[in-house]
Amino acid sequence: MWLRNCWYVIAWEHEIPAAGSAELFTRTVLGEPILVMRRESGGFTALEDRCCHRLAPLSKGRREGDCVRCGYHGLKFDASGRCIEAPGIPLIPQKARVRSYPIVNRNRWLFVWMGEPERADTALLPDNFSCDDPAWTHKPGYLHYDTPYLLICDNLLDFSHLSYVHEKTLGGSTAIAQARPEIERVDGPGMPGIRVTRHVPGVPVPPYYRRMRPFEESALLDRWFVYDFLLPGTLLMHSGGRPVEDAPEDLSRAVRLHSCQTLTPETQTTTHYFFQQSHPADQGDEGVTEGIYQSLITAFNEDRDTIVAQHRNIQRKPDAPMLALAIDGALVQFRRLLAQRVAAEHQETA
Amino acid sequence: MWLRNCWYVIAWEHEIPAAGSAELFTRTVLGEPILVMRRESGGFTALEDRCCHRLAPLSKGRREGDCVRCGYHGLKFDASGRCIEAPGIPLIPQKARVRSYPIVNRNRWLFVWMGEPERADTALLPDNFSCDDPAWTHKPGYLHYDTPYLLICDNLLDFSHLSYVHEKTLGGSTAIAQARPEIERVDGPGMPGIRVTRHVPGVPVPPYYRRMRPFEESALLDRWFVYDFLLPGTLLMHSGGRPVEDAPEDLSRAVRLHSCQTLTPETQTTTHYFFQQSHPADQGDEGVTEGIYQSLITAFNEDRDTIVAQHRNIQRKPDAPMLALAIDGALVQFRRLLAQRVAAEHQETA
Amino acid sequence: MWLRNCWYVIAWEHEIPAAGSAELFTRTVLGEPILVMRRESGGFTALEDRCCHRLAPLSKGRREGDCVRCGYHGLKFDASGRCIEAPGIPLIPQKARVRSYPIVNRNRWLFVWMGEPERADTALLPDNFSCDDPAWTHKPGYLHYDTPYLLICDNLLDFSHLSYVHEKTLGGSTAIAQARPEIERVDGPGMPGIRVTRHVPGVPVPPYYRRMRPFEESALLDRWFVYDFLLPGTLLMHSGGRPVEDAPEDLSRAVRLHSCQTLTPETQTTTHYFFQQSHPADQGDEGVTEGIYQSLITAFNEDRDTIVAQHRNIQRKPDAPMLALAIDGALVQFRRLLAQRVAAEHQETA
């Protein structure tokens, strides 16, 4: 069901306590509880948050340098997951260790590799550049979902929902739903995925954009949304809008945005959602950054309400069929791509 | 388990928002979420509350005339359940429709037919006349139960519980439990069921009755309870009490009541309960109506407490046997009748 | 999974309402709801809290002398569980009865026998003498656990956790974890079990002990913990500490304690925990008794936090293996002993 040999975001970098802090950070990814610690020398450690002895979470124990000591019977594990001390036990068994996960900080997103460690390959990381680029500014966001992650992928793969779910926030016009997007496969060099390109000509300014530029009340924009949605569940999007009277190459009065969003399954039915939408650092002050963030939070709560209600309906009748429509091209392709990869992974293992 | 080819009450008429309202009413019956709307021209629409596209509830969308538009991707359905608009899709597939249910307003109860629509037959509606008769007055009631509906049927089929569950409210005397009721089959012309006739001679006045008539402290009544309990779960009852010194045909000082109560399974373990108890419109003012309503609410909460506790015990040990006693005649007959009908329905389908 | 032919504590004696009280006490043991009543003539009654008729809990009914009447349809049961009255039914069937359980009050613990009644044998009761001995003083304790009882047995069978879980409360020194305990089988005359003897030489005074004796800041103690952990889950412990400079037989400045603790499975995943720790009645006033009680409550909440977190981890991955270490000797032996007894019991039944 889940792809394992890939990177999943487990946290924003700023969520992890300082190396000197007594606090321990834990989060569950693909059903596995993972302890994340900052190393004293820099870098990060990700360990299975489950002592090999009696399965207590190490995050309830305490940090000792770059090691962690279980709070139940005192076993101490180093950053590689090896047990290096066990009170009352002279000879520690070789098997006394917890799993450690490859972990990488790329542009303030901390990625863990959930498959075979030797296959971890940073060339497969998505290009979330705007999360850490002086030319772009954002406020990082996180939401927790009580629904399976695929329903949220579906949502992000069909922006026609903007006209309805976000009618009064991000959307602003039924023209978004009416516009037919181009759908293409994206194949490497990183993870494969789907590219969606949608142009929406001559539409009113969404309330959201007005926080960035002083458009006139009656202004009409040509809007664009161009994004890659990559396995296992990362959206990287350029979007924006330009007054209809401006030439396509003239962005002098345009709104330009770059957004990085990613979904990490927590369990079969719950999901982590990390997101941001950046604006050019030289366009707009802190008020604009905060405004964009608040717009996202409002809109993503609208999505969540809808998807939670959809999920409840699915649970009521798990075998109810969905009717595929022409607008589902991107999500159907993405689900197929994911299923192929998962099947291939199972075959390799077997 | 459930009879499908029959009418179930989904709502009191007054629960459904006006045709011009933005509010949408949804309720689940036999596990199926159903959207109920008032038509602009009068009458009602009942649609599956689950968009055929991605299964989101239509009740989270918005009303447009007598149509409803899904709040996720904007599909629009007419009152027959047919999709008549799908943004971004020129040709709407024939299969794009949601189920519509026959719905009838009979005396302020809205009934939906959960089986094959072509078999919907208003001759099978129960005679809940006092819900909408100028000669009778009541205040409508609704309770939600977190227990299976059959346990509540059981309760209503054996009034010996009045002496214990409602000792201090409806009951008032152990004589009710002592009195042996007559049990008969009722067969048509509507749904079949069980008729229970119970006479309780010479008992004290229940506190409840004193709100209607000025009985003396020491008064003794001959009480009666005559009700039909019809498939799938509707109680229609004449009850009352007459001073023992009055002749049977003399009702001049009697309390006379008519009650309509019905149970609609929401899910396997939850139930809707619609009820009222009417008094003659020319006997008693609003205070009496409210008093009767409050008595019912109090008593039906006593029932619910008892049945919830019973259900919890059953869940603890689902195979614990029940010991059938002589007082269980009516409920044993009713359960058998229901089981036969359900089995027949399954056979027809297979 | 559970041993049935043995005694389980269902309540502290003081929890049971007086014979004249209208209140009814119910608690679930091994998944069975049990009503416990004090008899008017002294002694106790334990009945299945589930009417044989429609399975309603008798504890929702009312007491009538030493009998209880069901609050649903009024069946009345005597102290042996026999139905002696059923309103509206002239001849009560022989089968109309609820199960009654042997119940014994031993030193203020009320024990019920959950297996075959004819095998109930008070010689198998544990010696919880300090619960009711004028030479000892305690304040009784109770905690409810949302975890299976075996995880709590594990906890009590390995005191090395004191150094970590209770670092700042009962423990006070890693020396406890370092000290190697002696593990022996205890076989009769009562229930079998495991004896654990742990001496911890020359350690600081735990904060807890200072509430009993005025030790100097720098004082060092020889501490001991000697306990039997008996089937199905009872801990009986002598513990204490003596200044290192005192001779082993000189207890004049020692802290001496006796503790009785017992675990009763409520359901497969929840547990009752009854406990006390006594000090000599002539050493320490009410403040000491209360102080010991508060120390226990604090520490046992630490245990519960740890075990709940451990249980959550186990539920996440039920097949995750535990790595047995040398410190697990006692709990491994206990689990084996329990498994043997349960298997034997199943064999007898089959």
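The chains carry the letters A, B and C, assigned in the order they are written, with residues numbered from 1 in each.
By definition in this document, a contact is a pair of C-beta atoms (placed from the backbone, for glycine too) under 8 Å apart; a residue touches a chain by one contact, two chains touch by 3 or more.
Composition by chain, UniProt nomenclature: A, B, C = Aromatic ring-hydroxylating dioxygenase subunit alpha.
Worth saying up front: this structure is predicted, and the values here are computed from it rather than measured.
Contact topology of the protein chains: fully connected, every pair of chains touching. As for how the two copies chain A and chain B face one another, under half of their interface residue numbers coincide.
After Cα superposition, the angle needed to carry chain B onto chain C is 120 degrees, rounded to a multiple of 5. Taking the mean of the C-alpha atoms as each chain's centre, chain A and chain B sit 48 Å apart. Looking at the complex, you find that chain A touches chain C at residues 28, 31-33, 49-50, 52-57, 60-61, 69-74, 86-89, 93, 95-96. Contacts from chain C toward chain A in the complex involve residues 154, 158, 160-161, 163-165, 174, 177-180, 305-306, 309-310, 312-314, 316-317, 320, 322-323, 325-327.
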